[in-house]
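Heads up, there are several structures right after this.
Same chain, two partners: chain A is paired with chain B first, then with chain C.
Up next, the complex of A and B:
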């Protein structure tokens, strides 16, 4: 056996070398085949193309969202945050949060919850002196968010830049952090966050399974996973109208408003490529989440999936 | 909805790490990409593009890409017309065969600068430098569904600066409107007609007066009198004096 070993080892090494060569050539083309819209590309190509799409659309992202959805995307995001129903002190991780829409809504929600808490508290303090009431105002003003925090994580520098500018412009500063990071490999420790959200982002992730696993990892036990994403429409009439609108109108809007047909062509194709509600639910369950459920909005044009880490 | 196919091409193992993605365009509406940069569009999309680009070009005059898109989506009658004019003319025919491009990389700027004053080459370079423009900023065509017509519209765009030179018009709003009037008469492109009609909206009354009384009548007369401007092989006439070329084409001297 000892005699055979070096011969075997040699063979194995040669075979291994050959495999390594093929692997490295493939590695140059980097990895398994996947899709970019309706094209077939390698994983590395897909990541790069998507990065370039968002780099190109970043400045007009919000304008385009309003034009394409006629402002309805705002309602969808409001519903997501209402479903989350965060209490003051919640630590939120918003992945692919780019221009900050979810983060700002979270801050607004927590602030208004906090205000109502303070108002209720004051109503009970009927026999305090004016001095004591003024003092309690001061103390509570400094904690207007009640220690709530949101971390906005995005893989794209341009989107984060736009988000930061927006935050400055709208006056959001406390409780908000911006981190450059990849949903497939988050730069955070285990068991850190109370809520993980990803709004219209998971569709653009190349390995959705890895992103879901990462989501599970960084959530605290008892933490909630929430995903807002385009999904499949079951009603056939609406589906036809939706297809017509998506493929005929949206790229035109992209060309006219943003000067970029191709990015918006990609967008509508990527929506068609994303797994339907039940399949995505199964993927979330595979990552270890419990009590996974989804809620269709607008007959399935958009769906909110939710799961818990127990 | 229309049927969508995805073109799967074997890419593993050949070492190409993604530079050739331009070749792999998705099949849309049953058409393939006819030239680099071509985006096949349905009639509905063209109509929406035409309307959208017209509105956008009016709202934001700095969106030159919208003017270009408008030209492409509305040129379905004028472009074949121009192409046929070129085919019938010996010089135009040669241009269609040889497909010359006017770009900084193809022009010998130093040689042109060295030509005597009054020649086409010298005046063209002077025009580019005075107005701080470059021939490389012209949009390549995207929505023209014929490869030859795409070249015709590309040629029209690249020759635009030479029009400025021949007509002696600067690149301010007034100058552009005058050139548009000339081009509208010459090419019949709806985009030129719209630009000529709506461009003056942003001019002051004094300029409008000059425009209406002197410049536009001259531009129309010249446009009518001149032979097709796309039938001139400009790249072979750099040494020709501008005056002589004007006479040859039939452009009246500028007021």
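Up next, the complex of A and C:
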């Protein structure tokens, strides 16, 4: 189609060898047809295109999020972490976590829970000696996070770079790790993490079923899968307004703020292509999760799906 | 690794933890059947038939196959394990998280439950009620076998309420918190239900067979006694809660007297009316 041409030209520019490779590979594993927004492409092409999209938007990603959602995305992410309700000592894997929004919120939450715990402990130990109290301050300071840790995993180097810079800027250092990895093939061992989150990332994954299976694999027994993602709006009036806003306003914002119409056109189309709540719930159950449920936010513009590895 | 035929909805993978539980449950079965092998040759050898005879668990939607425990049972096990952490953490999601950890699950499993700890409290109350029923059942059996005397009603009620309230003693410090959570609007239907069925049980074993309005008055009265005694127990600091049991004794005695008083009032009322009628007749003559 028309949309494919500029991308094919890009590919050619990258060198004839790569093109030839793509051509031969296309006939084999990457032969499966899939979608990129409203276009039809092969799986390999889709992965490449999405990589390019995020490579180009990385620096303006947060600014664009704020302007597109009028800042409401912050509330959505807060609700996600509140729903998670992590206790100190939780090991979180944030996939497609790019610029670190979920990771930072997790650290803040765990820190405040830990402080409350320490306060409660001190109230109970009213009859300690001065020395014992001083000792407990020492050991509590060294464990301000209570051994909680978050690993941010993203497939895109640019997004990770922006995330690391943000962490440095905001002063987050302890309990935070950055790993380059593909959600369809995570570089982690089995049964490692307490919680797996993927916020606004799973619709960019080419093989969602593989990502869900990987999520199941790396979670500990009893671990929780949480997915925050755009979903289908059932209310017809809201749906019409939402479509209007998505297709008319967002790509324009993308051009004006980030200088990139096509990426934001892709974003809006990919939201429409993502399966609705019930279908996604069935996919999560197929991967082996139990007690799968979803919560609609803003009448279905966004949904949080949750499942447990039991 | 055994290949189990999973139900069609769980096409790809069977669960990790639920199967493990059924393995644990097989072991006591295995050991007991080996011990009794000579006496009961019809017992299945565990090695030959790993899917031994097992009561089928009624899952909610019939999704779980008969050999696995259901999600509900796993939830019950987590809540039971969480009870031992209640004195320290209160009736909270933290206690549930600690409970999950003792079962080898991640603390994130506490996310299956409401974050205010409601399910933990309701589970505990339901467990206590079950224990009380069993206790009363055993006592009744002893009476039927003639090994014990049948208690008079007021003593029976006193003992039953005391036994039930004693189950709260390990958690007494955090029980006021639990009571307030049980009063939250979304918990009231369940907590009232549990309370009503417990009171019903006590009256049943007390031998109440009334089919008239007494059925309601008896239950209302006992509910009142139970609730007030529970509240008194919250603030009681006497050794072994003596004050509470004395309060209970007085309330039960009051309730018994109330029955007599009602009859007395009625007969007095009739007598007064007759006297008045007689006076009226005398005056008219």
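Annotations for the structure displayed:
Keep this in mind: the second predicted complex is superposed on the first by the 281 of 310 C-alpha atoms of A that agree within 3 Å, B and C clash if a C-alpha of one lies under 4 Å from a C-alpha of the other, contacts with A are read in each partner's own complex, and residues count from 1 in each chain.
Everything that follows uses one rule, which is that a residue touches a chain if its C-beta (ideal position, glycine included) is under 8 Å from a C-beta of that chain, and two chains touch if they have at least 3 such contacts.
Here the structure is a predicted model, which means the values were calculated and not measured.
The superposition on chain A brings chain B alongside chain C with room for both. Contacts of A:45 after superposition: chain B is touched, whereas chain C is not reached. By the document's definition of touching, of the two partners only chain C reaches A:224; chain B does not.
Once chain A of one complex is fitted onto chain A of the other, the partner contacts of A:116 are absent, as it touches neither chain B nor chain C. Legend: residue contacts after superposition of the two complexes on their common chain; A:247 is shown touching chain B, with no touch to chain C.
Of the two partner chains, neither chain B nor chain C is touched by A:74. In the superposed pair of complexes, A:310 makes contact with chain C only, with no contact to chain B.
For chain A, the partner touching the most residues, choosing from chain B and chain C, is B. Put simply, the nearest alpha carbons of chain B and chain C end up 30 Å apart when the two models share chain A. Touched by chain B in one complex and by chain C in the other is not one residue of chain A. Contact residues of chain A toward chain C in the complex are 83-87, 89-90, 194-195, 213, 216, 219-224, 282, 285-288, 290-291, 306, 308-310. Chain contact summary for the complex, chain B toward chain A: residues 1-2, 4-9, 11-18, 21, 24-27, 39, 42, 44-45, 48-49, 52-53, 55-56, 63, 65-66, 69, 142. Those residues of chain C whose C-beta lies close enough to touch chain A in the complex are 9-18, 20, 71, 74, 93-94, 97, 100, 103-112, 115. Touching chain B in their complex are the following residues of chain A: 22, 25-26, 28-30, 33, 35, 37-42, 44-45, 48-49, 239-240, 243-244, 247-249, 251-253, 255-257, 259, 261-262, 265, 269, 272.
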